[in-house]
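I'd like to ask some things about the structure below.
A, B, C and D label the chains in the order they appear, each numbered from 1.
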């Protein structure tokens, strides 16, 4: 069975041109004029782009004996509805748990995925077992290792552990990722705020100021430099962190920054909302920032000092959020975004003139594929590439609302936002999962994407 | 007649993969395994890359009634010998001369070119005629206008003229280029140095310090910003200029910087050479700088704050240089480089680990094609693209010497430098111009490449 | 006759201590405990500080055949009422007028001054006469020369003229000052705005964006560096200009920046006021900026990258402002501030914790005295220093209003602002000019203060 | 008994003028023309300046059961010989030792001092006892607390401890000091170098790169900012650390940096010396850096982003250094400098034009007195101030050599350097300790200088 996408304009990270695209066996088999196939998708007036890649999600993440509400099924369904055809999730070992053991758990959860996925492995503790298993994780197709500089007493690793892990990455051709906030200072600020009676969600933002993120980013960059590895900084939310990245890059260092769509488009006034639920639903780390920081992130995308746009999708329900009533430090950290990332970035980036269409593709798809070493299988419209494709209708509008979303979460942080620019069709390895508003996803269609260590290239 | 490049590894700005390339009618007609053609070029052990584009040359440039020694024939022959398959030259109107009139002169000179070429148009004076002719120049396929902030009394335009010209560029979808040095200050410093008896070539460098370049770069960026156009800064030679560009980019402004291979690899100690000829042959503007500035330029290429590598090839002979004996201000400004740009950048960039191969292609070819709006016809290895291809042998070495060069100039500023990484074959629109050391160029084979205004895209 | 200031706390740029101050013959003759004098001023609860120095005023400035409304009498009376005991005004030669000739005019106007004063000389055109007269101006006790980079067609000098004048300053031990805005670009923006029908006062701000100021500041710094002189940048209003100053200072260059009290405390929303008069009265160059720029200026005062706070007092009346009805470019540039500079800076600087009291004294008095080379005769509470003293009552409050001010101008840009911190007494060379709210100034009491060239120190 | 210093030129941090100085009872009792006293010191041709204050010394520091060779007697004798009249040493509690207990040990050692001294208290561990004793230390006249971010396993404190200590400082009006290097990374680099067989003194420098210092400086600044205290960074040796300080200051934060005379004038080539002893004698932390870093430090002194010049004097003998033969990590860290700080800074700062004489006084004396809150008792030439005075002969020259020094150490890191500018006389609280080359120090003359918490001012 062949599918042809006809009459569209192909937009990739570096090209814009008119051509049809032929898909067969899950791959792109031809690009050119006047192609024919068994099934035809009409892309008139649309842009045919590489499907989005969200390099940072947490589906079915464990929390207090339950899980975040979007699992690999609903999460990837939401992704596809918004034009995203691949997610990279995080395998998170418990304290003392082996990496391979944790990986098995994530393997199990991901069997229901509607689109392809890959994993980052987190280094949540340090020891000989972790050291030994790291190359075995790489052998399993995972070349990226996440480190938390915050969440003290839980996921956080210290500088000496991080340096050891980064050096291990260097040896095995893997890339370290960091969640960059100074966990010691955050913990003290949290305790101080609680002691002063500030226990509401607004205190969450007070406990994690931009300075704390900037410092940790700067520190991680130094440690990576000393270890001789590149560095990928997740959820860059502030000018402070971005400045550290820019400064390192200006010295020729290889550092990538990942802003989230939330930080690009929402600000900290959300936490001052009188409704506890409204504010708590926006609790994530780092917290939303003010306008100055937003401007910085957009400029970074335009100039190339920031590389990719993610969501950190971690869909805690209002009920789960309420676990932190009376103590903001117990509000589970995370918001949704998978379904809205691409329409929101198009609306606020391309439609405003901040980003070109090619830069949009780079930021939402191609750069992730390159950095994570799965380009051009992913992130490309090329013959031979996986047929992960979004047919983007730049005229299509909607108002974002939880009422109609695919995500299992009971609210949406973008509730009420108008977007213009939405998928007409989304294809995952050739399968049309979204067809003009109709959801045709197939549970379990998604496959794990193995990624070679970069040193192997 | 078809030609096939077999057994090589294709390296483009964003891909590295094994495939053969089929060429017919001057274009790439197929990329894939096991291709066959009438003629076979063996690329075993080689990289198949887009031919180089030098975005900044001055061939057969008028000087005191004579011309710089490399004309479009010898210049493009030298280019091809070094893997460069296209040059972009500058049409330079005399004071009061119309743009179209000047263009005609450059059209005439370029008929002998061995490879394709395009032009930038210089705005060397300002008036209604220039204003009126600018869109007609664009209609002729030239979307870039060069402005000199130095060479007072000759090519230099003042801020108000430059602002007017930049605004005109904005209206017609063209991009302004600047030679950024403060011409007023240079003129005063020259006079002061001469008055003090400093008339040798070393005084050339003293008269054009990095501060003077940084200032003008900063000024041009502001003027472009006010006019609402992007900006292309030619021959960025210093941290001062690079800092201004970085700062603008960090605010989201669209500014590109072009370092030269000379500034990347040679330093100002050359001007202290006891032999007047040696020093005078290196006289160009901006002058060579010290190590601090070199480090800055390399870091800029790695981080993306600088975009393309050029030569400013302007091959004045020793005899012409001697016109400035006793008065450094009369030494004609310019050096060669066309033949050596790619081997020197590969040797000092890729072989040292500063740049990836893909970044090498971006800097030497693809980025120029994109910025100057001729991508993917040029700068790409894609089906349908012009077959401007270099088959690069990373093991091939030589010692650069004027004795064996194609360039007509009687010396070489890189004399004695060892390079590793050289073309095995160079194809210009399908024609094999360099065949394993043998020169098979064809005078007049080169064609003018028209470039649409960027606004039209 | 002796006067003693009793029971106060002396606050200077680097000391805070309790002592009485004895004044005789216009000078401080003793500092210590339990001093006695013919007249006693009770400073209980007050700070005894060096009288303010406003390094930037335009009293009785010529305009279209009339003059700005505050002359040396009313202007210095206003100054004294606000704790300022010295002003430095600008002698402005007309096109072609000799410097000494202009100086004579300012000598004549200043005879009525109530407090001491000095002059900067402006270089408004360039020629042999100016070159020759500069050392004669220095011999007359004026070691600072102002250059306008804006006001094209009137006061503006070009880069070559400015470079020549700066080099002349270097030779004679004088310091150049600059009004830093790119006059060419301003002129074009003005024409464009008028052509588009934007002729109201809000267009004044649009025509002089911060970028234009930052650029000119950066340029002036480079030119001073090349000329080998320090540089004093007047009315630094933006982060853009401040960044250029900081960057230069971080390289060890000697550059001082002078923010105005207006830019520190008022913002550009003033120009959006519906009342034409309200907006036009705030028209000055550079225009008021937004919050980001204000924060930058305050940080500069705290960190030392900005040195002094001035007013650029140039009191055009509402009637004079209306000359620009229908054409914002004809609105005379200037506002008042002399009377309010110190109370406003104390209220918004010291009372908020941004500045220490010692930093307040440095910014309002001592740093000007040092840079302009009249320290410790001025700017100090030391035995032998001129008895220019303000006895500052940190508890005293008022609401600023034109209705009760000394200034001759018919409005006040700070109208309605509350200030806490006001003079109880102001002494000018020993004479009590302000006595607990009562004005006892003496026309003609003020004398010219000659300042040696810095090279002579 | 009165002493008069006649015919000199007084140079303070902000004044230069001719006057005699009368001293009685250890204090300055008069400043003016034609003073008379029992004893006369002829200052003809000399500058009369506040005696130097070295804010950072380690006299008789414990090491492996012995002590660094200069104790409070020889150390302060060396200080006086070089024009320094006060030292601030560090009380260093052992692990678990109480602060007051440690202070007692330093009280005992310091009884033999020839000049006045004060102490910083080090926070080398954290616990309730330290928390409780901190205000008692302040009550004892010590308002500064030092924190080590390096020396892991020994003096180092972690971020949470440092944050807690900084907050405690904020509560009690004290100022935190930091030794800023990332101790975790240093420890790992040391282990790696040793494992690779790099055990010589040159590996000391490799194990403590500038990046590691820049990172820690940046981190300490953030933590101080969050705690709401100013910060004093000791021994700033690199552009990396200086950049972090500049950046913080540009945001209005109160951060002071202290470069050492060694880092200003010596570079890392010293560690490549073939003689193990030569190199080991220069081992200190941070290590010497290259020219780029030196330029940065000098520019910081000129622009005010760096505040004071110290020595970190810690005089380990060659014999003690040899403890680290075969293992560079065991070489005791420290060099001399007390005797040479002022002549070296004058020679390389004032004589070269980098610093004015007033800036020299500020950097060597007055700024320390102000920051450490003992101004104007110390650091001033004012009536009432302690008569800690150096009469500086700008013409006097010598070649530095261990053979003739006062310091007990058996070598000198400045051996062979020519200096011009030396004390003719040095007075400590009125006593002439250095008299034209003759040493007249008096053991035990020195007294402890209590310093109020800054909050009390």
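For this structure, a couple of remarks:
In the analysis below, contacts are C-beta pairs under 8 Å (C-beta built on N, C-alpha and C of every residue); 3 or more make two chains touch, one makes a residue touch a chain.
Note that the coordinates shown come from a computational prediction; the quantities given were computed from them, not determined experimentally.
Listed by label, the chains that touch subunit A and also subunit B number zero.
Centre to centre, using the average C-alpha position, subunit A and subunit C are separated by 53 Å. A separation of 39 Å divides the Cα centre of subunit C from that of subunit D. Separation between the centroids of subunit B and subunit C, computed from CA atoms only, is 50 Å. With touch defined as above, subunit A holds no residue shared between interfaces to two or more other chains.
Under the stated contact rule, the graph of chain-to-chain touches is a ring, a single cycle where every chain has exactly two partners. Applying the touch criterion to all chain pairs gives A-B, A-D, B-C, C-D. Per the touch definition, subunit A reaches subunit B in the complex via residues 13-17, 246, 249-254, 295, 298-300, 302-305, 354, 366, 370, 375-376, 457.
Looking at the complex, you find that subunit B touches subunit C at residues 152, 158-160, 163-164, 167, 182, 184-185, 187-189, 209, 211-212, 214-215, 218-219, 222-223, 225-226, 243, 247.
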